[in-house]
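Listed below are the structures to be examined.
Each of the next two complexes has subunit A plus one other chain: subunit B in the first, subunit C in the second.
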Partner chain A sequence: MKKNTYIKSYCTIQNNEIILNGESIFKSKSDLFSDFSKKAYQNFEINYSKFFKMDNLSKLALLSSELLLKNEINSDSEAKIALVFANKSSSLDTDVKYQNSISDKENYFPSPAVFVYTLPNICIGEISIKHQLKSENSFFIFEDFDSEFMTNYANNLLSSKKADKVLCGWVEYYNEVYKAFLYLVANEGKIDHNKHTLELLNKN
Partner chain B sequence: MIKEVFITETNCITPLGFDVATNIQNIVSYRSGIELHLNSSLMEKPFYASIINDDQLNEAFAKVSSSENFTRLEKMMILALQPIVQKSKFDFDTKTGFLLSTTKGNITDLKNPSDNNINNVYLHQIAKNIADFFGFKTTPIVISNACVSGILAVSVAKKLIQSEMFDNIFIVAGDEVSKFVLSGFNSFQAMSDLPCKPYSINRAGVSLGEATAAVLVSSDKQNAKIKIIGESAINDANHISGPSRTGEGLFRSIENALAEAKINPNQIDYISSHGTATPFNDEMEAIAFNRLGLEKVPVNSLKGFYGHTLGTSGLLETVIGIQSVLESRIFTSLGFDEMGVSQPINIIEKNENRNINYFLKTASGFGGCNTAVLFQKIN
Partner chain C sequence: MEALKLELKTKIIEALNLEDINIDDVNDDDSLFGDGLGLDSIDALELIVMLDKDYGIKLVDPKEGKNIFQSIETMAAYISANRTK
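Moving on to the complex of A and B:
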C-alpha cells in the first residue's frame, strides 16, 4: 500500500506579494521585480551576500524557498530535503540578456557571470549552497504546472528514502512576469499531498 | 514489490554515425568526431568541435519526413527516436511517457527573435514538436539540468516507471553547437585550443560537440539490453560554476546508487565518467572515485570522441556504455596520454575485451549537480 504524504507548508510569490500558508506576509508597491526582491530580502533579513549578483529567476527561487526552509534546517544535523523545481521559460530571461551581449560585433561582451545563469538549475544550486543541502535535485520544464508529475516524483523520492522531505514547485520568471509556487512535502502534516490539493493551492 | 526497469532500445545520431553500430565501428578504430572548424557564424577564430554535417543530416532526414518545419536540432532528435518508435509494438496510450533532455534546445533561434522563432526557443515547444511528430499522447516532460541532463533523464524515467505513472518511456536527448554556447564556454576560458584530452596532464579544457541519443525505458524485460539498478543525483552545495574540491556531490550520488542497487564498489566492472578535460572537473572525479575505492576500475571519458555534447552527453555515453556491456569490450579514453590528476585512476588506454556485469555512468555540471546511475547486465 502506498503511504500518505502531506504538504507541510507552501508559499506563493507573484504581483509584488508573498503569501505563506495562505496568509499575505509581505507586499510592496515596487514597479520592478529587482526592487521588490531587494525589499523582500531586507524585510526577511536573509543573509546571502551573493543575492545581488544572482539573476531574477534565482532571486525568486531563493526568496520563496527561504520562507519554507528556514525552520527546517538545523545546524546539528544534515537535512535530507530534495529540491524539485519546474517552470515554463527555463532561463530565457537571462538567455535574452546574454544573447544581447554577443549579437553585435561592435558591442561584444560575453560575461561568464551572466552565462552561468543561462541554465535553469542554477537557482537550485544557489538554494543548495545557501542552506547547505547536499540532496537530490532536478529541474523540469512544462508549459504549465504539472501536478500529477510533481506528485509522483516527490512521492518516489520519499518512498525510496532518497529524501526525508521534498521542496517542490514552480518558479517562473520572464521579462518581469513571474510566479513562484513552492511547497514542502513530508511524511507527516495536515494537508494531503495530492494532485487536487496542489491545483487548488496553486490557483489561490 | 518495486518494479524492475530496463533499457530495451538505444540509438544515437553523432558525427561518428547515424546508428549505434557505425558509432562503435568508429570508436573501435580510434576515430574522433572532433575537427578544426572555420565558421565565423559560430565563432570568430577557428575552433575544435564535433559537429554533424548538414548535408548528411538533411539527406537522412529526407528519408524519414518531407516536412521542412523542423529545426536542425529537431531533425537530429527525430532521427534518433525514429527507429526505436518504429520497432515498438505497444500503443501510445496514457502509460507511454516521453522525456526530452536538453540544456539549450533551439537557442540558435534567439538570434533573430521574430515572434515565431522565440516560440521555438521554449523547451516545452521543442518537446511538443517532437511528440506531435511521433503521436505521443501524454504531456512531454523536459529535463534541463545542465550537463547531467542526459543521464538524469534515465534516473527520472526509472522513478516514473516505479511510481507506476508509466510502463514505457521514450527518452531523447539533444543539444547543438551554437554561437551562444561556444561564446559562453570561451568567456569562461574553458575551451581547449586542441582536441580535448580528458585526465591528461596536457589537458586544457573542453571541446564542444553536438549529438542526439534516444533510448526506450520499460518495465517489460523482453528485449532488455540492460537493467537500471540504482540512481542518485546529489548537489555539491558548494559553487555554481565549479565542482566541489572533494567531489562530495558525486561521491554521495555514487554511494546512494550503490546502496539502492545493494552492491559494493568492488563489484563495479566499468565506469563511463564525465571527463570534460577541464582541470577542476577531472581532478574532482579522480578524488570522488578514490574516496569510494574505485581507483582500480577501468574508466573512460568519451569526450575525446564526441566532445562535450551537454544535455546529450550522459545519454549518449550510456548508449555506448551499454554496447560495451553487450559486446564485452571496453573502449579507449581517447586523448589521454600522461596522468594528469593527483589521485590514481585506471584510465582505459586501448580497446580490450572484458566481461562487464555492473556498469556505472556518472556526470557533473554547472549548478553543482551530479548524477550516478548503475546498470546490470542481463543474464
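Moving on to the complex of A and C:
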C-alpha cells in the first residue's frame, strides 16, 4: 500500500525576503545578495563563520536549510535526512567569476577558494558538513522546478528507508537573481506531500 | 616590517573573508592555522596565490608553506627576504 508523506515545513527566499511556512520572517532593503545574506545570517544568529567563505549559491542554500533543520537535528543521534536539490543555472554564477580570474594570461591568478565552488552540489556538501549529515544526496539541473520528479524521488528515499526525512527543493542563483524554495518531507505532518501542493507552495 | 605586518593582516582578513576578525585581534605571533586564526587547506592555497600575485614570490615546494605560514611574523620575514615586487 502506498504510504502518504507530508511536508513538515517549507521556506522561500527571494527578493530580499525570507518566508517560513507561509509567514514572512525577515526582510531587508539590501541592494545586493551579499548584504542581504549577511543581515539574515546575523538576524538568525547562525554563528558559523565558514558561511562568509561560501559562494552565493551555498549561502542561499545554507540560509534556507538552517531555518528548516534547526529543530530537526540534535547532537545525540545522527540525523538520517537526505538532501535533494535542483536548479537551472547550476554553479554558473561562480563559474563565470572563476573564468574571469583566469581569462587574462598576463594576470593569471586562479583563486582556489572560488574554484572549489564551481560545482552546484557543493552547497549540499556545506549543509552536510554543518549538520554532520552522511545521508543520500543529489543535485539535479532542470529548466524549471519539476514537482513531480522531486515528489517521486523524495518518496522513494522514504519508502526504501534510505532516509527518515528529505530536505528537497529549488536553489537557484545567477547574477543577483535568486530563489530558494526548500521543504522538508517526512512520514508525519499536516501538509500533504504531492505535486499539486508543491506547485502551489512554490508559486506563493 | 611593521607596515608589512599590518598590510598582511588586512589582506588576509579581506582575501579569506574572515568577517568576524579585526586587525587588532591578530597578534604577530598567533598561529594562522589550527587554534590560531583557524585557517584551512583552501586558505593555505589562497595564501600561496597571494604571495605570487602581490609580492612576486612563487613557492616551488608547497611544503615550504608550513614554515612560511606559521604566523604573520614568519610570513612578513619571508616576504621581506624574497619579494620581487
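For this structure, a couple of remarks:
One rule holds in what follows: the second predicted complex is superposed on the first by the 204 of 204 C-alpha atoms of A that agree within 3 Å, B and C clash if a C-alpha of one lies under 4 Å from a C-alpha of the other, contacts with A are read in each partner's own complex, and residues count from 1 in each chain.
Keep in mind that, in the parts below, a contact is a pair of C-beta atoms (placed from the backbone, for glycine too) under 8 Å apart; a residue touches a chain by one contact, two chains touch by 3 or more.
Just so it is clear, the structure is predicted and the values come from calculations on it, not from any experiment.
With both complexes superposed, B is the one of subunit B and subunit C in contact with more subunit A residues. Using the contact criterion defined above for the overlaid structures, shared-chain residue A:K162 touches subunit B, although it does not reach subunit C.
In the superposed pair of complexes, A:I102 makes contact with subunit B only, with no contact to subunit C. In the superposition on chain A, contact is made by A:P112 with both subunit B and subunit C. Residue contacts after overlaying the shared chain place A:L92 against subunit B, while subunit C stays out of touching range.
Once chain A of one complex is fitted onto chain A of the other, the partner contacts of A:N43 are absent, as it touches neither subunit B nor subunit C.
Once the two complexes are laid over each other on the shared chain, residue contacts for A:N4 go to neither subunit B nor subunit C. When both complexes are overlaid on chain A, the residue A:N121 reaches subunit B alone and has no touch with subunit C. In the superposition on chain A, A:S138 makes contact with subunit B only, not with subunit C. Of the two partner chains placed by superposition, A:N71 touches none, neither subunit B nor subunit C. Overlap of the subunit B and subunit C interfaces on subunit A comprises residues 110-112, 116. Within the complex, the subunit B residues that touch subunit A are 103-105, 107, 110-111, 113, 121-124, 127-128, 139, 141-146, 152, 156, 159-160, 162-163, 165, 179-180, 183-184, 186-188, 232-241, 248-249, 252, 256, 260, 366-369. Across the complex, subunit A is touched by residues 16-20, 42-43, 45-46, 49, 52-53 of subunit C. Partner subunit B is touched in their complex by these residues of subunit A: 83, 88-90, 92, 95-96, 98-99, 102-103, 110-112, 115-116, 118-122, 124-126, 128-129, 131-143, 146, 148-149, 152-153, 155-157, 159-160, 162. Residues 38, 49, 52-53, 109-113, 116 of subunit A touch subunit C in their complex.
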